[in-house]
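Shared between the two complexes below is subunit A, which pairs with subunit B and subunit C, respectively.
And then the complex of A and B:
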């Protein structure tokens, strides 16, 4: 051993040590994460009830495009994506640049307060939103007291309002999370840049669009990809807040996959193929965003 | 200083989120269940059981342990509280991964999910046909839920006979008594409901939107099913189903039936006096009795029946469960003996659990028991349990089919759209298409 070690150069030794440190993590990720992913890929080409599976080729992938419930779920996911993600990211950006202001007092307090929702459990916040928007819930009581409504409006009983409630809940839960990324990105922008802009007569709005946004581009890209990913995999809100209702108007793809695997007669092959569609969509959208958002030459 | 405030707040947030996890309850109990459930029972005189309701089936299991311990003093039962959804998820995971050892010796299964699970995972369950359990002592319609291809896989437990529960004090305000609601039809129900709504401002009935419990109860009360005898969907052209949907939509439109969004709100409408009554499986009486201030103001009778439908009755069923022995059990003989001497052989057990939990048995010999005939103070001093036993004997049987949950959800979607104004026939057609699609694997 000693001899063989001596024969190696310093660089080789260092890279050996590097691999030695990496191996446990690589093995764990391989066994716990990549192996199941490959198994799921095989599973997605099989069909059958429970564990009596047989090969069927790509029928599962064709089947999902004929499945009205899955198509509805896909549509719902994209509604959330298109409406919620931009609102949330813009809001997070505005909040971050407000809270980054040098002269603002109690910065820490505000930052923490806005980040707090993100520390609540997904299930409990969904349940709380459900009771807030119940027919006799807080929101309805306030609207009745203020004279906007005569009787309670069933927010979760109508397709559009139920979706709006889910979007509101998502914004409440995740804006602070994204804001923290922007705040950390803003720390890398020298204050002198803003000062110089100020001396040159730039308004705060101008310096926001001309300095903050361009310099934060990598962070914005990161949050956009993460939010897209998260929205396409949305599960807890659909299950706990609306239970997919009314009439599947708010059901998400993940929720339907869960139903197919655990609530209905289990069809894991079909469920796995739907999961792979989500993977494909996430990868595709991330690719597009990278192409559009990354302006490095 | 600012940093200190921030870190304090963060610490506070963590504490809040931790307690939030803690009060989640079901999650944490399920985890401990995992540990205990590992490897089934290790000792030869110990059995592990999964069931979900502390006030009901879990309590019954613990009483059964006491009964069995009289003859077998060193017997030990390890009852793990596991919510139904978790049981289903764990069973699916264990069976598909081939890791059956993680299952308990005995688990409680919803009757509606029994066939689906036995057919999907035949290896996970013990055929208990010749295990010494006397199945002839149970109502036949009830045992049928746990029979697959002529073999018994479950010991029947509770009964879900439908009761119409009414608040006598609210009825009185509108000049009615509970007897006015006995043996009526749905249109009479709606008519009286409208008068009560006008007089007291209270709807007569509430139910959970997006769930089809009430629909299924109405359907079964006329012997109707969503599947035919061969297990094929039977919705288009099913006159009973159409009548049920019309009745439901009409009740919602009149305001007599209000839809709420979740189970807690539903129970809330009962205990907060938002509604004048409810119609559900008799197990709902346990929830009603949590409103102690309403003691004596509740009464029960049978449910309304459909009009113009052949075979319509005032009786139906909603829910119910059966005990299954898993193939993971290291000591199946003990499990068989335990079940046949308690849930399938001890009137004493049923007499103990009834008054406290309202667990209506399907064990026939117990129906003549004195305990069942005792008047219940909460329900206006009426012998409600013997009334329910009587209802139970008149319930028409139905076909659940393997694809029961798919059909239920499809019908729930249809009724939501019908209430919102869609055409009934078109929505029934959609529902049948959805189920056919799910079955065409």
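And then the complex of A and C:
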């Protein structure tokens, strides 16, 4: 009896130590993420400037669906999401499975080169791509020298080509990042599985689809959710590559929310309601991806 | 692999590697050339590096931005690693039902987009007079679910008999963490350091919101400001980009190996 009491008190002591260990981090997340999230929810039902806020019901939410700029921003985020994320993830998967081959040389060199873009800041690479695709930029220079163009084409001045440049830049920056996740996922797969498949007559493409993809499913799911989340929150690229232009044709939701909050006459209530749409979309898409991706065969 | 397939694989990898590295090579080339030569499409290193440096340092307060970026990122990384590693360790080593439940709530914070918390945080920080301050820079992202999860995963491999032995020797729980766990988890700390420092150094939206004072700006903000002018001097602009990129590339090369190991731990 005495013994079990003593045990319990040791256990309690440890449990208390555990709470002490995690309290600072948990408190910070509570005050810096969850509290402002709730405040933003209240804000989204208010209107006004500064401290003179008054309740307005759901007008902000109705307004955003009639706001052509926000609708364009929503559409842009989805264009980037639907085109860029699949291309990037598939490319990363192919690169990772190539670099996982045993009899390939210079693997470390290739891996470093392909991961290198991740070491550049978002502002930096946006500015580099903006300069490369400028009217007097290198891409136009090369196209003129090769005879495809007579004068420089304003890639960033036309909505479609500007969006394509943003998509190319995103693929450039993030493919290596996702590849590293796949490479470490592949390390958990025994290489002998591939050798056995080869002996059984499986082609490399067959073993890619029958072994690599199914066994990497948890990692693919993780990267898909992370990329979706990131794409719905794009900001730096929209600001520094195209500045949302021409005429808001490439603006993203976060960029527009920033403009509404800090660039134009501040309208925190309306901005908060738009941010809640992002929150809803992120949560909804993560839920769908978990439902689809977590199925067991 | 057959010879043909190998040839295809190498060609593909070389092309992708080239595309990955080329824009960074071009950035360095442009930083050493006059703007006119950059727009003419030169691909060779030039001799205008010092000219560009003089013009950049003359027109922009680079040293202030650099010092700020180093200060914010270093303080952020140190405190963040400490808070998150203690928490991750606590969640794993002392786990029970209540703590596991707290962890799953914490993970939900990963889903909260920054745009949704940015405005209330701005209001909160301007009331608390934290605008233009280091504390203001670090507070919102100093404790992240991602880092906590990473340290929680690595604590799983920490042998419990070492802990028992240490307890019998009379070490307190914090001493066990500090003297036993911390030194053995080097690669996790290295990966966490790389990720946190890079995120802090590269962050743009939050500093843009709270650093209105020219004395508080960061290096990415300085680069972004350079593009706002009517005419862009590519030589100067790319030199600024280069300066902004060097610290993260250096850290990346120094810690590349542990970074890959650390991520492996986080995915498992």
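One rule holds in what follows: the second predicted complex is superposed on the first by the 281 of 297 C-alpha atoms of A that agree within 3 Å, B and C clash if a C-alpha of one lies under 4 Å from a C-alpha of the other, contacts with A are read in each partner's own complex, and residues count from 1 in each chain.
In the analysis below, a residue touches a chain if its C-beta (ideal position, glycine included) is under 8 Å from a C-beta of that chain, and two chains touch if they have at least 3 such contacts.
Keep in mind the model is a prediction, meaning the values are calculated, not measured.
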Subunit B versus subunit C as contact partner of A:40, first or second or both or neither: second
First, second, both or neither for A:253, with subunit B first and subunit C second: second
Partner chain in contact with A:262 - subunit B first, subunit C second, else both or neither: both
Partner chain in contact with A:130 - subunit B first, subunit C second, else both or neither: both
First, second, both or neither for A:229, with subunit B first and subunit C second: second
First (subunit B), second (subunit C), both or neither touched by A:121: both
Partner chain(s) touched by A:237 [first = subunit B, second = subunit C, both, neither]: neither
Comparison of subunit B and subunit C by subunit A residues contacted: C
Partner chain(s) touched by A:112 [first = subunit B, second = subunit C, both, neither]: both
On subunit A, the residue positions that both subunit B and subunit C contact, one per complex: 109, 112-113, 115-116, 119-121, 123-124, 130-131, 134, 136, 261-262, 268
Subunit C contact footprint on subunit A (complex, rising order): 14-15, 17-22, 24-26, 28-29, 32-37, 39-40, 43, 91, 95, 98-99, 101, 103-104, 109-110, 112-125, 127-132, 134, 136-138, 141-142, 145, 172, 176, 180-181, 183-185, 187-188, 204, 218-219, 222, 229, 232-233, 235-236, 239-240, 253-254, 257-258, 261-262, 268, 271-272, 274-276, 278-279, 282-283, 286
In the complex, subunit B residues that touch subunit A: 2-3, 5-6, 9-10, 13-14, 16-17, 20-21, 23-24, 27, 85, 88-89, 92, 95-96, 98, 116, 119-121, 209-210, 258-262, 264-265, 274, 402-403, 405-406, 409, 412-414, 416-417, 420, 430, 433-434, 437-438, 441
Touching residues on subunit A, where the partner in the complex is subunit B: 47-51, 66-69, 106-109, 111-113, 115-116, 119-121, 123-124, 130-131, 134-136, 154, 156-157, 242-248, 259, 261-268, 270
Subunit A-touching residues of subunit C, taken from the complex the two chains share: 1, 5-6, 9-10, 12-13, 16-17, 19-21, 23-24, 26-27, 30, 38-41, 83-84, 86-87, 89-91, 93-96, 99, 102, 106, 109-124, 139-145, 148, 173-174, 177, 198, 201-202, 204-205, 208-209, 219-221, 223-224, 226-227, 232, 234, 237-238, 241, 244-245, 248-249, 251-252, 256, 260, 263-264, 267-268
